[in-house]
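A single structure is presented below for examination.
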Amino acid sequence: MKYIDEFRDGELARGLVRAIAAEANPARTYRFMEFCGGHTHALSRYGVTDLLPAPVRMIHGPGCPVCVLPIGRIDMAIALTLERGVILCSYGDTLRVPASAGLSLMKARARGGDIRMVYSTTDALALARQHPDREVVFLAIGFETTTPPTALALVQARTEGLKNFSVLCNHVLTPSAITHILQSPEVRRHGSVPLDGFIGPAHVSLVIGSRPYEHFAEEYRKPVVIAGFEPLDVMQAILMLLRQVNQGRAEVENEFSRAVSREGNKKAQALVSEVFELRRSFDWRGLGEVPYSALKLRPAYAGFDAEQRFDLTYRPVADHKACECGAILRGVKTPRDCKLFGTVCTPENPVGSCMVSSEGACAAHYSYGRFRDDD
Amino acid sequence: MCLAMPVRVVELLGDENAIVDLDGVRKEISLALVEGVAVGDYVILHVGHALEKLDTEEAQRTLDLFAEMASQADGAAP
Amino acid sequence: MKPDYVKPLDRRHGRVELSQGAGGRAMMQLIGEVFARALGNEYLNQGDDGARLPAPGGRIVIATDAHVVSPLFFPGGDIGCLAVHGTLNDVAVMGATPLYLAASFILEEGFPLADLIRIVDSMATAAREAGVPVVTGDTKVVEAGKADGVFITTTGVGSLREDVDLSGAHARPGDGVLLSGPIGDHGMAIMSLREGLAFDAPIVSDTAALHGLVKTLLDAVPTIRCLRDPTRGGLASTLNEISRQSGVGMVIEEAAIPVRPAVAAACELLGLDPLNVACEGRLVVICPPEQEAAALAALSAHPLGREAALVGRVQADPACFVQMRTRFGGRRHVDWLSGEQLPRIC
Amino acid sequence: MKPDYVKPLDRRHGRVELSQGAGGRAMMQLIGEVFARALGNEYLNQGDDGARLPAPGGRIVIATDAHVVSPLFFPGGDIGCLAVHGTLNDVAVMGATPLYLAASFILEEGFPLADLIRIVDSMATAAREAGVPVVTGDTKVVEAGKADGVFITTTGVGSLREDVDLSGAHARPGDGVLLSGPIGDHGMAIMSLREGLAFDAPIVSDTAALHGLVKTLLDAVPTIRCLRDPTRGGLASTLNEISRQSGVGMVIEEAAIPVRPAVAAACELLGLDPLNVACEGRLVVICPPEQEAAALAALSAHPLGREAALVGRVQADPACFVQMRTRFGGRRHVDWLSGEQLPRIC
Amino acid sequence: MKYIDEFRDGELARGLVRAIAAEANPARTYRFMEFCGGHTHALSRYGVTDLLPAPVRMIHGPGCPVCVLPIGRIDMAIALTLERGVILCSYGDTLRVPASAGLSLMKARARGGDIRMVYSTTDALALARQHPDREVVFLAIGFETTTPPTALALVQARTEGLKNFSVLCNHVLTPSAITHILQSPEVRRHGSVPLDGFIGPAHVSLVIGSRPYEHFAEEYRKPVVIAGFEPLDVMQAILMLLRQVNQGRAEVENEFSRAVSREGNKKAQALVSEVFELRRSFDWRGLGEVPYSALKLRPAYAGFDAEQRFDLTYRPVADHKACECGAILRGVKTPRDCKLFGTVCTPENPVGSCMVSSEGACAAHYSYGRFRDDD
Amino acid sequence: MCLAMPVRVVELLGDENAIVDLDGVRKEISLALVEGVAVGDYVILHVGHALEKLDTEEAQRTLDLFAEMASQADGAAP
């Protein structure tokens, strides 16, 4: 696979491992947060974690939109299908996210909910056209990467005058989440758990560009390296972060220059701002309420907004008390620190957000790293 | 969730759609979010939509950088 | 007047009707004109409530599988041949020689007879090629909307030589883990037809009867510990099953596992791991280390094992973890398939 | 940490999910907590792709049946015990001793686990009472709306003594036709629950395992020609089957055929002929005339044959007609069930 | 079964057989038509035919409403379900009646038609209430026996204001059919095939009473004995007919006095005439157009009339050329005279009306009497 | 199609409905088409509706008639 396989080359990897080892100062610790689930996945899936030298410690951030979707939002979707009889469609990743009363969309399906998996917003629109007599709701989730296709579908639906299509919008914003983590009392208080730098999002940055991260680098004096989701990309980014730290720099660097520009995709940005506007606040599973961290439909699209159309109200649901997701997402704890890990909480029965998608910190450790716990 | 991958455009269809190829696997996708895509270009595909063109020269530069880093490390090691 | 003349079925435009499952004349007709016509043999033709069969000799093996694959027709096969292979393979991986198949059909009212005939004919061809007759069967018809076209449950009976003793519980630290060919072709062939996802790819199901390959292997290396076909759940689940049954761990080598480029690409597109994608014509072999070379040679010499490879090794591990050394040299855990990832593949 | 800890299933409120058929950890859990827990035995617990079983000795018999009865629970039984009896009986009427059962489940997404557990437990009880273990199995899950709760296909393997040779083709003019008990109880028990028709009646299914009765009978009269269980299509279809296979006719006596009053009344209400209504625990016996008395005595001595009766006689007839002498003394033809008359009864 | 079993008593039957044999003049033939399928069924099912003396010959009449339903009427019902998407419900008997293009309701079901079997018009109404979003059409068939429950359902639907329920009415009238047979050119022409008397309907007469038959007895000089559907009833009626013929009488006698009065069920009659009115003409399968032989909904019930609601037109379809049903229904031929009997035409694949229901002449002979053909 | 049979009324329900019995088989039917039915009466049941009451005295008379016919025949025969 051209432009994929080259970035997974074992030979180059061994070179980068040596470079990282050479760069890392054995006398200190480097704590880097990879924000994105995509990076978490690359680290786990290719066994990169296993190859990093002792001083380098990776913290899995909140960058999986499935994981951070709060219980109450899934509850809204389930109510739409079980009580209002809509056809609810969404990307496959959302189907197993746990909701209230032991449900999830998958379990709601088993209870008779008409829930369809789609691979693209194009399919969601097609469903609405196929079932003119039914309400079709697209449960939209995702970061900036996934928002433009939703915007496109809404423009299309409005142009066509589709009367039975609406969107339950859960699109969230990466920079707000990073700010929230940097400002969290724990992270600021615990001098003992500093974050020494960030690996910045790959595909989010395709859309928003690298510029939004410049603020962090300046404001919080943290180096940021935007990196692709292939394992060599991540390793290179680690190396670049190490160098910035060792050299006392705090800049935004772009390892993923083959796809990410400083300005991002203007066409996509314009489309998104035509259709969406900022929400005042949004509840992130594991992080809690984060101001201006999500999008909602603009008034011109009110007719396509499932929340307005079906008069839905969000009811927050507390996470499990013993779940340590919040601390894990902030880099303060690891999955092994959670009492529920691997017993009550498993990928089949996730309790907290980090166990929901395979890109979550707990799930990644469960599925890919657990064997190392006994070492 | 942000799963995306580079694919090669092999045919432009009407309606801002295209056929792309990844090692023999072909699929119809939308080009509505990108501009100026030609047959032969690589685009980054996400949930059925191309999000950006891939800059093949930058890709090569990055790969060269990997090799360079490795050789620097080897030079520095001893 | 012929005593029980019945107008022949409309093999082109007819559809399955409830009366064809009601036990009367219409059912006899369906059985005669569709099932017996294609599958008939001396045992099936006995026409009794079951089949009377010669003494199988020694120990026997029984395996059963319901086949509910959707869609019913896919690149490289259909539910008919799959229903033969799927069960024969379970008999074969026990080390037994498959002797007989029983086949039980659940048909949905309204299912096109032409499709049913195509499926039964494919089944007949697969059974004939495998040399294993369908000796008895059953047909039920359920109301429209209560099934999904056709479900086929097959049960296989085989005879087991006294000197063969294969089990998932027999893997021992140091044993080699071999694979008879590339993984994921079947699952991806099905996936390529999945509604909403549909992609074009040069991928055909690997569905095949493995008992010939198994015989070749066991003749060459009678001390094989365990055989298994990595179907639902893929190679990952199969290796976890064996590890758990034997109370051992494993390490497999990513670079050694054959995956066809188009399958790898399709997995990439869908965010799937080829280790979780089903095969229907591949063999996992656990083999004492000193016999690895002989086993690999035997597999490779057979048309169904040409791409066989040594992919890993059993190791002591009370936690029964399956690990993989990636192309990078790093290790990672290879877990069971978690949740549901694929359409109905078998 | 236990290596593969999984939260136990919610046996009260849980429902079947697609992931439980996907081949991964959720499937292992369902198999362990529902199937193995109830049905477990030394063979099933082998946990391999099939069951390794001791040499059965002589010839074997294989019979298979899909069970799709609706509703799943009915007076006197459920699909679980029916799936055991239905197949055991097909093995038994071949004159064989049932040894093993294989069971394959097709579950509909959303089916209540509590109901599944009830069904599997009932199956386990029936298998235990019959002394025939379920040695291997399979579970598939299909999407909601693609099945009807649960379908169960069972396959039975039995061993056949050399001196027994039963077949529907062995009826000879002069032979007696015996019936082990009243007809139609099972079909009418199902019918009483049919939507829109529902009636209250003291009717319970006759579902039962017949191999004990068969053994008693064969021990007493080894020269029995043919046994059959009059299931779908009822006694009428069963007698027509045998007549056609043997190339003979029959005359049965209406007055001699046992029918319970409530079954007769329900048939009257619905305009059905009891001859077309299914049993799941009755035996039709074709027996040389000189052994009729002995056969009847053997049947009657067994709890499942207490109401046994001689109901007719085989006669030469190239047209293979089954006739009935009515209570009036007049004759009429007894035809196969024509079309579809009853809900899904097996 | 009280009041059933007594009328099936074998001992009494043998007595009646002797009485019939004693009454029948061996020097002549008696040709009696039992109008009703119920009588045909009793004759076949209990082997009565086998017990009658040679001079007595029974002709199976057109008295099975399923058999006489013409192809074109079933075609209308099939079109409603396959093309208009209605839920079509009817009594089980109608499901296998052959229609055009090799279809039947059963086969239309297999092609996706939503066709439900009901046991009572009460169930049909319940279906309409259960599916307020669907059109529910009750395909009503039957003689005077079956018409009152349909009338009742229509009154109920109108009272409730059920908006999605309608009836495709095929109710037909017995006396018109009898008249038609008596007036048929064949029957009048062929001195060789006279009918010497009728066994009059049992359950039809419950509703209409015995009075309507008095006209035939007078007008056509034919004895009529109304008889129950139990075999002893039929045998007694045969005996009574024999006596009338032997004594030169042509009267209406009522063997079924335990249920049939001269006036019938006035409540049911009133209900029927409130809801229904005469059709000018109706096509009977096997008999052709018979004037004033069927009912349709009165204008007050137009909204519940499926023919009006869905703007249906009846298109007659010719019966198979070789089918002898017409002649058989008139008593001129027997099933054995038809070339198609038992080969092309069987209960599984009925060609003509007489093979459709088990009460039809050909089906009764096929299912119950065929063994005798080789005698 | 005109299938109907005598059944015994065992319970009157509201709404002109009743429970009837035939040799232990019980079913709810409608009495809307008949008048003055009491528990213990026999009615003729057709497609879920009682069409008429059964006159039990007439029934007995008919049965007596059958017997009489038979004995007449036997008397006449020799």
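Think of it as A, B, C, D, E and F in the order they're written, each chain with its own count starting at 1.
Definition applied: a residue touches a chain if its C-beta (ideal position, glycine included) is under 8 Å from a C-beta of that chain, and two chains touch if they have at least 3 such contacts.
Keep in mind the model is a prediction, meaning the values are calculated, not measured.
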Which chains, if any, touch chain C and chain F both? D, E
Dominant chain pairing [most C-beta pairs in contact]: C-D
What angle, rounded to the nearest 5°, describes the rotation that places the Cα atoms of chain C on chain D? 180
Quick one: chain D and chain E, Cα centre-to-centre, how many Å? 38
So how far apart, in whole Å, are chain A and chain D when each is placed at the average of its C-alpha atoms? 55
Chain D and chain F, separation of their C-alpha mean positions in angstrom: 37
Would you kindly tell me how far, in whole Å, the mean C-alpha position of chain F lies from that of chain E? 21
Hunt down the residues of chain A that sit against at least two other chains at once, touch-wise. 1, 4, 14, 106, 119-120, 123, 348
Among the residues of chain B, which ones contact at least 2 other chains? 3, 5, 22-23
Which chain D residues touch at least two other chains? 17-19, 25-26, 261, 264-265, 268, 319, 321, 335, 338-340
Using the contact rule from the top, write out all pairs of chains that touch. A-B, A-C, A-D, B-C, C-D, C-E, D-E, D-F, E-F
Can you check the complex and tell me which residues of chain F touch chain D? 3, 5, 7, 22-27, 45
In the complex with chain A, residue positions of chain B that touch it: 1-6, 8, 22-23, 30, 32-35, 42, 44, 46-49, 51-52, 54-56, 58-59, 61-63, 65-67, 69-74, 76-77
The chain E residues in contact with chain D across the complex are 1, 4, 8-10, 13-14, 17, 44-51, 96, 106, 117-120, 123, 231, 347-348, 358, 366-372, 374
Sort out for me which residues of chain D touch chain A in the complex. 1-2, 5-7, 10, 13, 15-19, 25-26, 29, 109-110, 144
Quick check on the complex: what are the chain E residues that touch chain C? 102, 106-107, 109-112, 341-344, 346, 348-349, 373
